[in-house]
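Supplied in structure tokens, the structure appears directly below.
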Amino acid sequence: MALPVERTATGREYKVKDMLQADFGRLEIELAEDQMAALMSCRFEFGTSQPLKGARIAGYLHMTPQTAVLIETFTALGAEVRWCSSNAFSTQDHAAAAIARDSAAVFAWKGETPQEYWWCIERALDWGPGGGPDLIVGDGGDAILLILEGIKAEETYEITGNLPDPASTKNPELQILLTIIRDGLETDPKRYHKMKERLVGVSEATATAVERLYGMQADGTLLFPVINVNDSVTETKFQNSCGCRPCGPDGLLMAADVEIAGKVAVVCGYGDVGKDCATALKKSGACVIVTEIDPIRALQALMEGILVLTLEDVVSEADIFAVTAGGSKGIITVDHMRKMKNNAIVCNIGPFNNAIDMSGLETFPGVKRVTFNLRTDRWVFPDTESGVIVLAEGRLVNLARATGHPSLTTASCSFANHAMAQLELWMERDTGKYEKKVYALPKHLDEKVAAYHLGKLGAKLTKLSKEHTD
Amino acid sequence: MALPVERTATGREYKVKDMLQADFGRLEIELAEDQMAALMSCRFEFGTSQPLKGARIAGYLHMTPQTAVLIETFTALGAEVRWCSSNAFSTQDHAAAAIARDSAAVFAWKGETPQEYWWCIERALDWGPGGGPDLIVGDGGDAILLILEGIKAEETYEITGNLPDPASTKNPELQILLTIIRDGLETDPKRYHKMKERLVGVSEATATAVERLYGMQADGTLLFPVINVNDSVTETKFQNSCGCRPCGPDGLLMAADVEIAGKVAVVCGYGDVGKDCATALKKSGACVIVTEIDPIRALQALMEGILVLTLEDVVSEADIFAVTAGGSKGIITVDHMRKMKNNAIVCNIGPFNNAIDMSGLETFPGVKRVTFNLRTDRWVFPDTESGVIVLAEGRLVNLARATGHPSLTTASCSFANHAMAQLELWMERDTGKYEKKVYALPKHLDEKVAAYHLGKLGAKLTKLSKEHTD
Amino acid sequence: MALPVERTATGREYKVKDMLQADFGRLEIELAEDQMAALMSCRFEFGTSQPLKGARIAGYLHMTPQTAVLIETFTALGAEVRWCSSNAFSTQDHAAAAIARDSAAVFAWKGETPQEYWWCIERALDWGPGGGPDLIVGDGGDAILLILEGIKAEETYEITGNLPDPASTKNPELQILLTIIRDGLETDPKRYHKMKERLVGVSEATATAVERLYGMQADGTLLFPVINVNDSVTETKFQNSCGCRPCGPDGLLMAADVEIAGKVAVVCGYGDVGKDCATALKKSGACVIVTEIDPIRALQALMEGILVLTLEDVVSEADIFAVTAGGSKGIITVDHMRKMKNNAIVCNIGPFNNAIDMSGLETFPGVKRVTFNLRTDRWVFPDTESGVIVLAEGRLVNLARATGHPSLTTASCSFANHAMAQLELWMERDTGKYEKKVYALPKHLDEKVAAYHLGKLGAKLTKLSKEHTD
Amino acid sequence: MALPVERTATGREYKVKDMLQADFGRLEIELAEDQMAALMSCRFEFGTSQPLKGARIAGYLHMTPQTAVLIETFTALGAEVRWCSSNAFSTQDHAAAAIARDSAAVFAWKGETPQEYWWCIERALDWGPGGGPDLIVGDGGDAILLILEGIKAEETYEITGNLPDPASTKNPELQILLTIIRDGLETDPKRYHKMKERLVGVSEATATAVERLYGMQADGTLLFPVINVNDSVTETKFQNSCGCRPCGPDGLLMAADVEIAGKVAVVCGYGDVGKDCATALKKSGACVIVTEIDPIRALQALMEGILVLTLEDVVSEADIFAVTAGGSKGIITVDHMRKMKNNAIVCNIGPFNNAIDMSGLETFPGVKRVTFNLRTDRWVFPDTESGVIVLAEGRLVNLARATGHPSLTTASCSFANHAMAQLELWMERDTGKYEKKVYALPKHLDEKVAAYHLGKLGAKLTKLSKEHTD
């Protein structure tokens, strides 16, 4: 598939829904700038020295007004940027139009087909014959996957002369990807190798992609340095954990149009995420019940006035089930779901996709799936005509992300971490500091991001005098 | 203007955006039924006895899945229903399609022009030559206004033979309304008189319309009985006051895409609404400051750990300003707004439209208004290039309503109150119980609505024994 | 009984435990002054004009450092004061010593016998042959009761020549009181009549005494004007309702040495006091369950995430039972108490003494009462050996009062209301404004008390401009 | 000093205030048993097997009803126990009497002089000529200090024949201790050596003592195994951190009789303790301000709606200052204290004694110290006559401990940890598992203590099935 690419008056490529929305997009970007304190401070600090001069950055991250502030921080620091969205439905078309018109090559629109989605990724990585990006901003591994599969196919082709065969797999996503690689392979049989050669590093923000990258590091197949911004403190404190506030109750509200107040909500697991989730649900007026396997955590819940029971005790009476436990599978089974009230809501606020037994649900004889929206399905059991609402197909309800970024400080931290990581990778590109490994974001950059916000929010830090530290 | 009216196979009239969305609308209505506990209990209690048999109900209220549950409660109880929306932008087209196909005559779609909006109202009131509705469900006074202006024009026409002249007014809404009346007048010069004759009563849910109706009662110009459901306890406790939860922080989030946490929020007034608003903002992570004129309320705020200062003290440092004070005008003046931080947010959570000096703002020399969405404008001052964000044009940020009904128990209470009121008016239509006055919803009906919810939410009421009350 | 009265160097009478504690008492009074913002502001405002010059004030109120600040406010404004405690155990001896030495005639010590308790009251009322006080500060009705019984006895004596006979009653308190009256009657057969003649008015702060005074007003037997400070807004908002904070969880802690966190607490009734109590218990880490008879209140509890069940549902599983319901008797019956867990705690946070069926408990065959401290009894049932802990003998756990005043703003409001009332009664003594009725504290004085605190707490009130109120 | 020791009918030694209080003490112990769920479960589990048969346990820990439950758990498991208090003022005499009469050799009363305090410790360690205890329960290092100083003195004496000279030190505590050792040395010059030989191990619960023991381990001077129960999870989660609830606001209330609501409270440091302290103060109605040096923590405070400022910004306006920061000295200096409001309250909720500059305060020219009670001093500056209230002499306001244990689950966890540690040390006494080192309480024992509580509090743990963990 080859869609027509358009060009601005200055010759920059793009493909967006409607360039007429650019003015409105600009308005919302200006509003978002006000909320993205860290990025704006970053521009202020580094803008004149142009540290990213000469850097090519490819971004793969929801194309929203907040992301626009990140993109224009990169261009303000001197970089040349190409961008696509990490989700086929999350693009805000007016923001995409404004960026396409004013700042960077954008390939993104709301409602891309799978073919279009992968085409956009390919476009974002393509700087023409001269190769790919120096740096990649990653939010999930698809952009990286394309490069890796491309390299694999090129190697096979070099040795055997065989082109990749999309029919060799049943995975429809992989079919599309192989088609794209196949179609480009004869034109330039070293394209992805050249990309890899040029690539200085990647900053990655999602837990699952980071996990996969660590796996590659362990296997020795990691081909470039990675800075993991997902585990930075500002990310974990404010994105993963405080993010439960918008992610939990607000997410439920938005996904399933349900009021929390007056409902019985079961939170499976009372670790950090579970605590935040329980607190957020309590503040929204739910009666919260916790399930736990660890006696100390159970006692902590009790001391906060929260009943600790087993899932079996409450499965047929609760209205909302949020799984936050990590490391276990099948916390909520099909049997549990069959015992739930009609239209009980089941969601996963933890990182493990198998915490809710989705495959058991999908293969339950006669089960019917009714899709309400991107994140909400009702699964109806044939014998009872009763159904449960499962959010986000049982995967992490990272709703904040999916709707753009309701929690702006969250986005502000996360995106500023990306900016810090990209700057670091670029500045150290020739020093050998970063090998082909996954690195945590250096602590001082993490703190810098927090500090950037403080001024905007009117806080004053205490400085330690010598006396104090003696 | 005469738009083509369509008809279902059974001959029922409608005009909606897209009948193909009816199946999806039905799905969401089924989901909403689960949340509208009181209406479903009402159907269960009264369905077989068909108490509304023979009643014609015209509804003027946002056409959403929740409203659909109300409409189908009326039809389940035997009524014949016609419906339009009380807001040109609030209709959810899939819900409108489902109702049009299955249950009632609907004239509503998202994004009606002013002409279309009034045409829909006229359609909803029109039962053909035989006259109008027996009962009206009101959510703002426009449906009533059309009838009253119609009667006035008919009287003038009878006496003077003069048709109403739209050019006689500068008010664009009134021009449309007079045009509609004029165009119908020659066909049937007694149409609105006949409507009035037939009308048994109205239930009304908005504060401003209720206020106007009390005014008519005082003037002796009220032409029919009204039950005021806006001041019922279940309405005020859960819609007006608890409604601050979705209305306040959530509303801010949705309207202006702003995170509350870390912001300084000023709440003007610490009455019931102010307390709820302050609590909701604190729970969302704001640092809340209160302004008050009453020393006792001020002390109450203090004892909750909230600073009490004057607006002048904080006007240039706060991020969010929420006015909840009643009975005073110009709480927030243009002078205040000029001193605020760029993109400070100003909104009104109280019932008085003049609490924020909008006319002063609109007439400020050189001020520029930039509209973001239906509820959000940025007003930029010419000299400073700094601007404030004003929500809902300075009127009550009744955002819950405007987006459909995120707070479902709220909608559930409000709509069930409508149902109770309509039933009451209809059952008592021949007893003379209700004269041409505004009545509060009888207390036992109010309690019935609360009680309807309790079972659904798993609560058990204590019953007083004789011993207790001796 | 006639105890020896001592005299200071200046001739002022007193009887306290240990005059050597006066210095230490003075220290604590100085500390308390800092907390009693309203009284100190009152001294500052009125001290120079000496408005109470010539007034004799008798006070009947716990003799604590906080009360000392009230007493010395009276003397600072010119009054002559005599004082006793309203509770035989609440006197803080060092505070009593300091006041006796420096400011007023005090008759109070911790651990008075019933005889001593009544002797102290008599002393506080006795200004010698010239009669009694002009004003009385009341905290419970005992000082008033002595005067009323005295008058009755004098009337009987005048007519029949009969002295009152303590043996005529089985009530041991009344026996003591009649003895005191009898012993004084022959010396001065018009003593209590003269007291009544002189008495300008009484300010009263307890609900039960106020209730009795309203009863007298209804019977026409009220002999003097009363200002009811118990129902003033600053009293009800901060003493009765916010007072639940120290009164509820803190009170439980102090009385029964029990931790709230992790316990299941049942709150009977979800009115104003019930809401405050439930909130305070939740904040302390209890899992709170509410019982209610009113569906609207029940729904309010639910919407705050609180389960609503019947007492029967939870009686055998909860740890703490707090009755806040008003107007009903026997909310918690002996049958309930028999079903409770061993050492479940039962207390009454409402104004009605019969909400817990104490007489049923006391007369239960074979029940054993074990007293832990002034406010805590364990009642053991003979068959099960299981017992319940009942606080404050089932009466209002007004623990704040009983331990002195842990909630100082509470005391500060309450005592300042007394001061305002006394000033008002005295200033208007000749105007006829106050008849022999019970009056609410005038609103402007109530607000003055709130306003007095604001400055101290750093708050700034907003002043309405003319524009606002137009 | 040699006080007379008394004996029970069975010959067990004791010295308490008043044996007549034993019945009342027994009542309170029974009440406390109900709260000490873990210890009672421990008795239930181990009582029949008598695992401590033959063990001599010396305890050095506040002699309260809660401690009595610990002591009687030891005796129920077969141990022989001697006990003294770790604080001269914390003994509850009725509990001491009950234990002395029924269970163990107690040497403790409220208000011991320093001489008496050390005499009690010596008594608790003295099993007669046969030597000392097998196990020591420690709460602060004084019991251990006596043994170590004893050994040192015996060594010197053996070599030089010199007796320890109390006059050789200016430290009054050390003088007493040396006197005791000197007076016993000639009777038995190997007494403390024999104690050391017998000693199987120590469980220690205070941070400072544990720190000193780790120091000894590092120096190679630790003479016996220690289990550190201070850092067990149930201790840190519930004693150190949740303990802030009673320790913070309640402690302030008790120590200085101050109401928190309406006050401005500054919390220095927003680590774990700081967060808990800030939350507790907010719940009590304070307006909380945080000072921080770390930008990430500062941002966390902000996102909870808490202002972050420097101490200088607020020093003259706040009412309460709570230092929670660790690792720094002089957080609050004399200069700060001089700028505070009169009677501002200063306290230390962190482990470092020099966080508040007490020596600077004590040596300030002309400063006057006024002692209110054990934990409360007012320090008045000579020039301003203004003073600050310093709690607990600037050391950790571990008020929970000092008043007995208001937080019973806290005590219950802490004491059960002691019991687990003692059992472990005793069971493993011959296995060589524990060397002369400081050990953490084994994780499974820590969890056992949490689990003990769950049943009592009605919680049910979830058990992992094999499926989950696959």
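By written order: A, B, C and D. Residues from 1 in each chain.
Simple rule for what comes next: a contact is a pair of C-beta atoms (placed from the backbone, for glycine too) under 8 Å apart; a residue touches a chain by one contact, two chains touch by 3 or more.
All values derive from a computational prediction rather than experimental measurement.
When the interfaces A-B and A-D are ranked by C-beta pairs in contact, the top one is A-D.
Chain centres here are C-alpha means, and the one lying farthest from subunit B is D.
Averaged C-alpha coordinates put the centre of subunit B at 61 Å from the centre of subunit D. Distance between subunit A and subunit B, defined via averaged C-alpha coordinates, is recorded as 38 Å. Each chain gets one centre point, the mean of its Cα atoms, and the points for subunit A and subunit D are 48 Å apart. Along subunit D, residues 242, 261-262, 285, 299, 302-303, 307, 409, 453, 457-458 each make contact with two or more other chains. Residue ranges of subunit C in contact with subunit B, taken from their complex: 233-234, 237-238, 242, 291-296, 298-303, 307-311, 313, 328-331, 409, 446-448, 450-451, 453-454, 457-464, 467-470. Against subunit C, in their complex, subunit A makes its touches with residues 261-262, 281-282, 285-288, 299, 302-307.
Contacts from subunit B toward subunit A in the complex involve residues 27-28, 31-32, 34-35, 65, 242, 245-246, 250, 253, 256-259, 261-264, 283-285, 317, 342-343, 370, 372, 378, 389, 404, 406-410, 453, 457-458.
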